[in-house]
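One structure coming up, written as structure tokens, with questions to follow.
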Amino acid sequence: MNLNQLTIKDAKEGLKAKKFSSIELTKACIEQIKKYNKDLSAFITITEKEALESAKKADELISNKQDLPFLGIPVALKDLFSTKGIKTTAASNVLKDYVPEYDATVVRKLKDAGAVIVGKTNLDAWAHGSSGENSDFGPTKNPWNKEYVPGGSSSGSAVSVASDMCIASTGTDTGGSIRLPASFNNVVGLKPTYGRVSRYGIIAMASSLDSIGHFTKTVEDSALFFNVTAGKDIMDATTLPDLTEDFTKNLDNGIKGLKIGIPKEFVSGLDEDVEITFKQSYKILENLGAQIVDIKLPYTEYGIAAYYIIQPSEVSSNLARYDGIRYGNKRSTFGDEAKRRIMLGTFTLSSGYYDAYYKKAMSIRTLIKKDFDDTFQKIDALFSPVCSTPPWKLGEKISDPLKMYLSDALTVTANIAGIPSLSVPAGFSSNDLPIGIQIMGKQLSENILFRIGNAFEKYTNFYKQKPKL
Amino acid sequence: MKYKPVIGLEVHIELKTKSKMFCGCSANYFGQKPNTHTCPVCLGLPGALPVPNKTAIDWCIMIGLALNCDIANFSKFDRKNYFYPDLPKGYQISQYDQPFCLKGFVELSDGKKIGITRVHMEEDTGKLIHQDENSLIDFNRSGVPLVEIVTEPDFENAKEVIEYLKKLQQIIRYLNVSDADMEKGNMRLEPNISLKIEGIEELPNYKVEVKNINSFRFVEKAIEYEIKRQTEILCKEQIPAQETRGWDEDKQKTVPQRTKEEANDYRYFPEPDIPPLIFTQNKIQELKSQMPEMPGQTFKRFKTNYNLNEYYIEILTKEKLTVNYFDESVAVGKEHNVSPNQIANLLVNKNINVNSTLPADLIKNILNSTKITEIEEPELKKIISRVLKENKKAVKDYKSGKETAIMFLLGQVMKTSRLKLNASKIKELLKKMLQ
Amino acid sequence: MKIDVTHIAKLADLPLAQSEKEKFGKQLSEILSYIEKLKEVDTKKVEITSQVTGLENVTREDEAKPSLSQNEALSNAKSQHNGLFKVKAILE
């Protein structure tokens, strides 16, 4: 196995045992990026020089028997995360030359944990998209089949991990932007509880829905990553109080006796491949000892409608700061999707329409949240597909915005309710494209999600499969 | 047709907190080099988030309490969305439908109550400087805490407005939450003025907002000008335009002004980055107990406890500093039998520097000026002999029956000795020696 | 549902070409038609949720912290003059 194919866990062990250095590990990742990025467009910026400097420092600390959670581990950052001195573009022409004067809190945490930042990954501009095709700098490709979409908006971050260009990467999930690309790339993606991870320094999409998460090769890695990023931040007033937990602690506890619910609304109208994969998946959970329960979440039917009011409304306001005066280019350089969402959101907040749209959607939000809250009184977790279809072809949905929006149908409700969801590999379609499933839990229940995901992963071993690059 | 002015007032107070409303930048921006007091938050950089200043909120509540407002149990911030170069985020974090304080009042000297509609918090914008065809922007002021105080349209003339403003300024300064100095820009006001037909209840169907009034002396002028201007229009059977006008200091008139906020749909919605604020009765009580005594209370106390006349009280209670000084002096004076009235007298009539004169010294001063110096009889006899020798005419007058001459001689004895002596004792001795 | 695209574009400060206005107008109408389904739900007695965290009273102490330097603040500005951001004047 090449060094860049390692997991965080194995890489850490190897570094500690001096089997290889961080420089060697980092160089392996950089080589992989240089080899395949032209084809896959996973990275917008490659920070080779800075990465090698960090790796060198990491090696010094390791030789001094120092230990930090991510010491010497190459990590990539979605290009929404502000990095001091390193271009941060949001994959938009508006910010194509913008260099932040500060680090996002999560970036600082990763750096303090010894991580080696290898670059900034591609995405749907401003996180507006579900396919990875809305980048102003060219779409990211699915490494499993370059004619297909990798999913979005954290397309580059998912692809970078799937193609072993880095050991792990950060992402954001506002309506499915981590879970969808994770499931389309055979990697693990965590959307944490809203408020668990600081949003400070991360270019905002929809303030009440943005969840800061990450991509890893395994569930255990995901828990290791979460140990670093989770926690209250004084710079973000919406972060939850610190509940110090080691998220790797209960990973191997198994799932015997856990009640796992399948929402009826999430399993209708599925593509055949997805239906088969999903059935196989929950049968596995049953074999592992979980009790599968059918449940109903009636108001989730209105999830997309509510989401596509709340999100654009907040987007229209969050993107108002881009006036070209203090940074960035003028507003006419926004891409089509951004312009669409800004217009939609401006409309839904406007005088005469606020009550019928924004206020209405915020009330529906209460009802959807209640559906989840009530359900979690009776069950430990929810299980469902991430998308009703496997990855689709590049260009297939790009000219039909509404069709594109509907691909978020199974993911948006977790953001509306603020609950966590873990996407794990669950198999492949008949044309060999990855299909993932998601495990949702009540607020602050990530440890249960990791437990279920870990049990499933150890049984299925899908993560061992790699795309032929 | 007689018209009656209907005037409402919107005042913005800049709080003198150490840091800004939503970030840790120093709020003390006056006179600093441009763009040296900014950070990702107040500069509106991508990814920055606001975190509210606890002290600023407490102070806003205190202002509301001092203005007899109800404090909302549940309150939140909202986004006011509009575009302008001095507004870095493209929205201002303010309060819309659930402000911190509601429904208060300020009582004027004639007993009339001016209704306070609301008191809320918001952040200030940057400063725009115009230079030829360009605008230059300094964001040092961006994010500084502002408290907005809105009155009901209860004013009927400029005099009432001035009295209200003076009272408001006094309250704010007593609370020590702002310098409330119009010239420095930490107290800004915008009257809205319209006229209604005298005797009719209904409010007029237009109102004119006047901006750019930068000092007290222009408040009266601007309002009177506007009343006159509107009266003229109404007398022509026309309705004055609903608009924003600016006070032109040079021309001494109001002129139409296109503002950044004209015809804007602000699309208010709850600020998602800031959780709501809940104020319990306990918390409100706690804040109340932290508040210093307010001018109205001090006035009553001085009247009741010290029995001073209202003119003196007005002067003494103008500034909190003087009040504290006076109270201290009264306490010291009590131990030396010096009355509050004596102290008030001295403070009001003489130019006492309360910053450099200790209350104890003030009392000493009073005692010295009223103290009778004791003097030995032989010494006194010497002085009297000298006086009698130098004032032969007065002696002759007294001996020839003019009783009042003795008062003159008494005065001369006092003058010569340059001391405050026991007058009756001197008189007795004089009489003896004149025999 | 037809939107006044010109008015919305103005409110949003987005300069749009006529062709863009037509394209977006059509697309937004379609999206809004889908969103109409929310009318099916009776929300008269339902409170809005604007904070899913349940947090309240999150504030910070009034302490002055270091600011960015003038250079740092201006580092991404396309146009500046004497430490100030420069922009074409708005007609007043």
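Side notes on the structure shown:
A, B and C are the chain letters, set down in written order, and residue numbers restart from 1 in every chain.
Note that a residue touches a chain if its C-beta (ideal position, glycine included) is under 8 Å from a C-beta of that chain, and two chains touch if they have at least 3 such contacts.
Keep in mind the model is a prediction, meaning the values are calculated, not measured.
The most central chain, judged by C-alpha centres against the centre of all protein C-alpha atoms, is C.
Centroid analysis (C-alpha atoms only) places B farthest from chain A. Centre-to-centre separation of chain A and chain B, using mean CA positions: 56 Å. Work out the mean CA point of chain A and of chain C, and you get 24 Å between them.
Chain B and chain C have Cα centroids separated by 39 Å. Residue numbers of chain A whose C-beta contacts span two or more other chains: 98, 101, 208, 234, 237-238, 316, 320, 323, 325-327, 346, 350.
Residue positions of chain C touching 2 or more other chains, listed in rising order: 11, 13, 48, 50-51, 53, 55, 58-60, 68, 73, 85, 87. Multi-chain contact residues, meaning those touching two or more other chains, occur in chain B at positions 40, 43, 51-52, 83, 85, 90, 137, 139, 265, 267, 272, 274-275. Every residue of chain A that touches chain B in the complex is listed here, in rising order: 80-82, 88, 90, 95, 98, 100-102, 104, 199-204, 206-208, 234-238, 313-314, 316-317, 319-323, 325-327, 346, 349-351, 354, 358. Across the complex, chain B meets chain C through its residues 17-19, 23-28, 33-40, 43, 51-57, 76, 83-85, 90, 129-139, 257-258, 260, 265, 267, 270, 272, 274-278. Residues of chain C that touch chain A in their complex: 3, 5, 8-9, 11-16, 20, 24, 27-28, 30-32, 34-35, 37-41, 43, 46-53, 55, 58-60, 68, 72-73, 75-78, 85, 87. For chain A in complex with chain C, the residues that touch the partner chain are 97-99, 101, 194-195, 208, 234, 237-238, 240, 299, 302, 304-306, 308-309, 316, 320, 323-329, 331-332, 334, 339-340, 342-344, 346-347, 350, 357, 359-367, 369, 401-402, 405, 417-418, 443.
Across the interface of their complex, chain A is touched by residues 40, 43-52, 79, 81, 83, 85, 88-91, 137, 139, 265, 267-269, 272-275 of chain B.
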